[in-house]
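The structures come next, written out as structure tokens.
Okay, so chain A shows up in both of these, paired with chain B first and chain C after.
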Partner chain A sequence: MDRLFKLSKLEQALVQLILLAYTCVVLFPIGIAVLNSLKPNLGEVYKAPFGLPSVWSFNNYATAWVGANFQGFFVNSAIISLACVVIVTFCASTIAFVLVRMPFRGSTLLFAAFLLGVVIPIRLTLAPLFVIVKSLGLLDSLLGVILVQSASMMPVAVFILTSFLRAVPAELEDAARMDGALPFQIYWRVVLPLIRPALATVALLTFVQAWNEYFLPLIFLRTPANYPITLGMSQFRLQFDVQWHLMFAGILIMLIPTIVAFLLASRQFIEGLTQGGVKE
Partner chain B sequence: MSSISIRNLNKAYGKARVLHDINLEIADNSFVVFVGPSGCGKSTLLRTIAGLEDKETGQIFLDGRDISDEAPVDRDVSMVFQSYALYPQMTVRENIAFPLSLARMEKGEIAAKVKGVSEMLHLEELLERKPANLSGGQRQRVAIGRAIVRDPKVFLFDEPLSNLDAELRVEMRLQIAQLRRNLSATFIYVTHDQVEAMTLADTIVVLRLGRIEQVGSPMELYHNPANTFVAGFIGSPKMNFIPARVKSIDGATSALALADNTEIVLPGRRSDVDQKVTLGVRPEHFVPADDGVLRGVVRTVENLGAVSYAYAALADGTLVTVALPPEHGVRLDETLPLSIAEGRGYVFDSDGKALPRG
Partner chain C sequence: MALKYNQKANLQRIALLAPGVLLYGIFNFAPLLGLFWVSLVEWPGIGPMKFVGLDNFATLFGNAFYRDQLIKAFANNLIFFFIIIGSMLILGTAIALLLSFRSWGRNAYRIIFFLPYPLAGAAVAFLLEMVVRTRGPLNAMLKNFNIIEQPIAFLGDPNLALATLASFYSWHRMSFAIILILSAIVGVRVHLIEAAMLDGAKRWATLKAVVFPVLAPAFVLITVIVMVDVFNNADYTLILMGPEGGPVRSTDIMGTFLFRSAFGGSATSTSVNFGMAAAIGLFTALLILPAALFLALRNLRRKD
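Let's turn to the complex of A and B:
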């Protein structure tokens, strides 16, 4: 690709300096959290919050994991997040496929409803949502939270995937029809592989949002055994109050899955954000 | 057997009618080309035969079987698309095998068929490549391979060569002609390129605004166009049209008067005296001759090597194209005397309909 701008060496150095400074700003708090999570006791955190630990200890992670039942919260979060990813990617992609390629009377209205879902925060619809979940008997269950969280993420996912699907040449689907493919086979074997970057983007956004969601589980879950890690963290704060070294360990445990997800999907994620505007 | 019969076919997109009462008989094993300008309905007609578009009214029969309401895959037709429509995520082998795998054919049989097709189209070396790593001509061959692997009765080609460069287009045209000789099937081919139509077709169907203007063999359309549209569309460069009036009719000849009162006598009784008509002359049917009654002032000369074209302005301002031999010696601004080769003048009435040629 041709470069739009050619920077002089001085300009390059300046740009790199700014980027380095920004990286420091982002990484500094995380670095401090990592250092403090490895300190053997609270005293060291207070005495030298930015200093290295006198003894490098991973005990805080073990204490947080076992002592504060982080493993249980972690598993609940993993179940909720992964289920949301599966439901949202499958449902949003099939809905987008039907809306774009098999339009029917009212499909534009349906798409408009999804667009409305993008701009209306789910918290505004909390009261009717609560009644629905309760009448379905899904209050205080992981399934209830999974369904509500999936529904809250569907509009954005449908929006992203319809934009992508519009860029897929219709002739490919015509060719598949001529070859004898049924609508689901066209979706599964022809279209889905072509929108993989968009699916990765949707999956990543869904995972991160579901993993970090605090408000919806707070409303729909009551039993601590069902808590995801976000609610677990708040319980943990009550339990260990000022035990910062343990708190930092807990926070880092909570961060790991989202960092891993970003690392795994970063290439596809960037493709997903940049593709679609330019035809091959 | 693979004859097609289209009866009273109509198609509309909302209020816009794109096919008007199409009636067409396509003979077994023939090569039929739908030709016409953009928006004439030729691709829509092809896609309706394929089953990719729903008809409004009318019927399509393949060997006497009504296929109008059948799914594309059940019609026993296959199609090659303008953009090739190869599945980018699949290799060449997977692309060709795709229709067979959907039909749940046994793996061994699929492999044998893919091998046969790839040998026929010289694709053996490319089988493990993805479409992105193929040239335009190779992609088109793969698309053809995917179409023929199903052994359909009818092949539909939707402007298959329009994305290729000029040289490759000629090469692929020859390959399609060769393919046609090798396969026992009916070919229906859509193009806006009349050279492709003339060189490939047994029968050309000229369409305009969703209506069939004329059906016939390439030379039939060239020599006996039904109207000014067909006359202008078939032949390159296009036919010259000169406004005229019937001056007199004398037995077996008619005298036409051009705007500057130049008189041209043509065989045949053409319309009635004093009627406005259009004289049609193909560039290659003008003959530079000292005794020629037409006089054109040469404005431009294009020397193409094998042939040259002079663009000359007649007295009434009509610019006509004249084909000249390579060693013509014609100069700019020279007045060129022209006559019309015997029996080569066409006369069209005021509605553009061809009048009998005697």
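Let's turn to the complex of A and C:
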């Protein structure tokens, strides 16, 4: 075993060389963005894209933030993402609880209906989805986007939670039922605490996906005041496209929350990938 | 009269199911079924709908204007897919293999390589577009090292734009391949490797005989997920090239074609029809159905 994976000095050097090369590929765009977002003017970006700024212009970030109304976009993205997390964790956990612990006639059919949602992407249903959202009067409202984005994340969430719950013994719940506890109490007092690790994964995946979503808001939102940050960035680009240093600052403002979230929870992200990787 | 326990339990079960079933039913499942119905109407987004039967399909496959767009978008989508999956499987396997050795700092590398994955597709698109501009840093670097004399218009050249967008996708999603392949390598049963090594097999022979065969499931999974994704998701193209998939439709893929048919390519478009969009959506869903069914069956097996 060890002989297969152990490296001699020469091999180690070679492996390091390749890994460092790929590290450069990954970090090059991000590093360039950080460096050039701090330059005082466009000329310096053109002349010496790899040089340090002559003056460290941290106020580029303030300019981008104010100039593009990033504050409003940020708040919209936060509202959408947090609402999706609350709705998806609640709705998916109640469904998973009933499907796994209180199956009924037709529960297999219900499970199959969710299965269909895992495999057929919601983007393809753009036309009927638009008809439904329009007829409910939810076009161009945050509520409409929140409901559609939550619904699009339900299938994967239900899958993660049902498979987790199936692996947990039902003894505690049975004991509670013996004591006369009703499903509401069992769900709230026993099941929710039990599935907390899986709920955390679902919450994380939902938050990141909701924060990053571009297509669904693009379809349903018209008023710039409702835009989340992904659409807001497109607006910003129309205005500042030629001012590269400000563009880089704007892009970084958009990236920072996800990078921070990732560095805080990189282990959960990497595990969530293998669990939630059923659909992108 | 007070309800019996069972009656109460049944009522509460319905109450527990209701929010999730309604949410998913209205905003995800109904649109799926609605594809069949909307594909039979003509509707520009406002005003009354007109029932036209199978006309949308007849136009899509029969009318040269639409058929040519469909063929072009599908062909581009295939090229896009093969560039992505090729780079992800080859580079992903190589990197995962190097990370599985006792290489220094392999945990740090793992985190660095994973960094692009959680970023928003929109942000990645904006960022990498800046990097590959003709006056941008990538061209500047290539010039510094005397690799090129004239800057390359990565996204402006119809011959390069699609491949450039594909490489954006690979940059963003590479860690997905790395992580899945790495966990397959790590999961190889130890005694098989030991047996092979005891037989005196060299490292490369051992890898070939014992490790590579177990990578097949990971390869299939990555291929299927990427296939489903790139045949419906056109974020990079929409953001950077617009719904017309420019330059000269060289980056047009199924997702942009679908979007264009519903919302038009530009403000002056007249031929918008949600029925056509539904027909294209249904056709694309059928195309990716084998891949989708594979994923569904895998999930069903996994739950046991």
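Rule of thumb we're sticking to: the second predicted complex is superposed on the first by the 232 of 280 C-alpha atoms of A that agree within 3 Å, B and C clash if a C-alpha of one lies under 4 Å from a C-alpha of the other, contacts with A are read in each partner's own complex, and residues count from 1 in each chain.
Definition applied: contacts are C-beta pairs under 8 Å (C-beta built on N, C-alpha and C of every residue); 3 or more make two chains touch, one makes a residue touch a chain.
Note that the structure is predicted; figures quoted are calculated from it, not measured.
Novice: For A:194, select first, second, both or neither according to whether it touches chain B, chain C, the two together, or no partner.
Specialist: First partner only, chain B.
Novice: For A:163, is the partner it touches chain B (first), chain C (second), both, or none of the two (neither)?
Specialist: second
Novice: Look at the residues of chain A and decide whether chain B or chain C touches more of them.
Specialist: The partner making contact with more of chain A's residues is C.
Novice: Determine, under the contact definition given at the top, whether A:58 touches first (chain B), second (chain C), both, or neither.
Specialist: A:58 sits against neither chain B nor chain C.
Novice: Does the superposition put A:102 against chain B (first), chain C (second), both, or neither?
Specialist: Touch status of A:102: second partner only.
Novice: Check whether A:180 is in contact with chain B, with chain C, with both or with neither, and answer first, second, both or neither.
Specialist: Both chain B and chain C are touched by A:180.
Novice: Once the two structures are superposed, pull the chain A residues common to the chain B and chain C interfaces.
Specialist: Chain A residues touching both partners: 180.
Novice: Taking the complex as given, what residues does chain A use to touch chain C?
Specialist: Spelled out, the residues of chain A in touch with chain C are 1, 3-7, 11-12, 15-16, 18-19, 22-23, 25-30, 32-33, 36, 46, 49-50, 87, 90-92, 94-95, 97-98, 102, 104, 110, 113-133, 136, 147-148, 150-152, 154-155, 158-159, 162-163, 166, 180, 182-184, 187, 208, 211-212, 214-215, 218-219, 230, 233-234, 237, 244, 247-248, 251, 254-255, 258-259, 261-262, 266, 269-270, 273-274, 277-280.
Novice: Spell out the part of chain B that touches chain A in their complex, as residue ranges.
Specialist: Residues of chain B touching chain A: 47, 50-52, 71-73, 77-79, 81-83, 85-89, 98-99, 102-103, 146, 150.
Novice: Using the touch definition from the top, list the residues of chain C that touch chain A in their complex.
Specialist: Chain C reaches chain A through residues 5, 8-9, 12-13, 15-17, 19-21, 23-24, 26-35, 37-39, 43, 45, 91, 94-95, 98-105, 109-123, 126-128, 130-131, 135-137, 140-141, 171, 175-176, 179-180, 183, 190, 193-194, 197, 203, 206-207, 221, 225, 228-229, 232-233, 235, 238-239, 255, 258-259, 262-263, 274-275, 277-278, 281-282, 284-285, 292-293, 295-296, 299-300, 302-303.
Novice: Would you mind writing out the residues of chain A in touch with chain B in their complex?
Specialist: 169, 171-172, 174-181, 185, 190, 193-194
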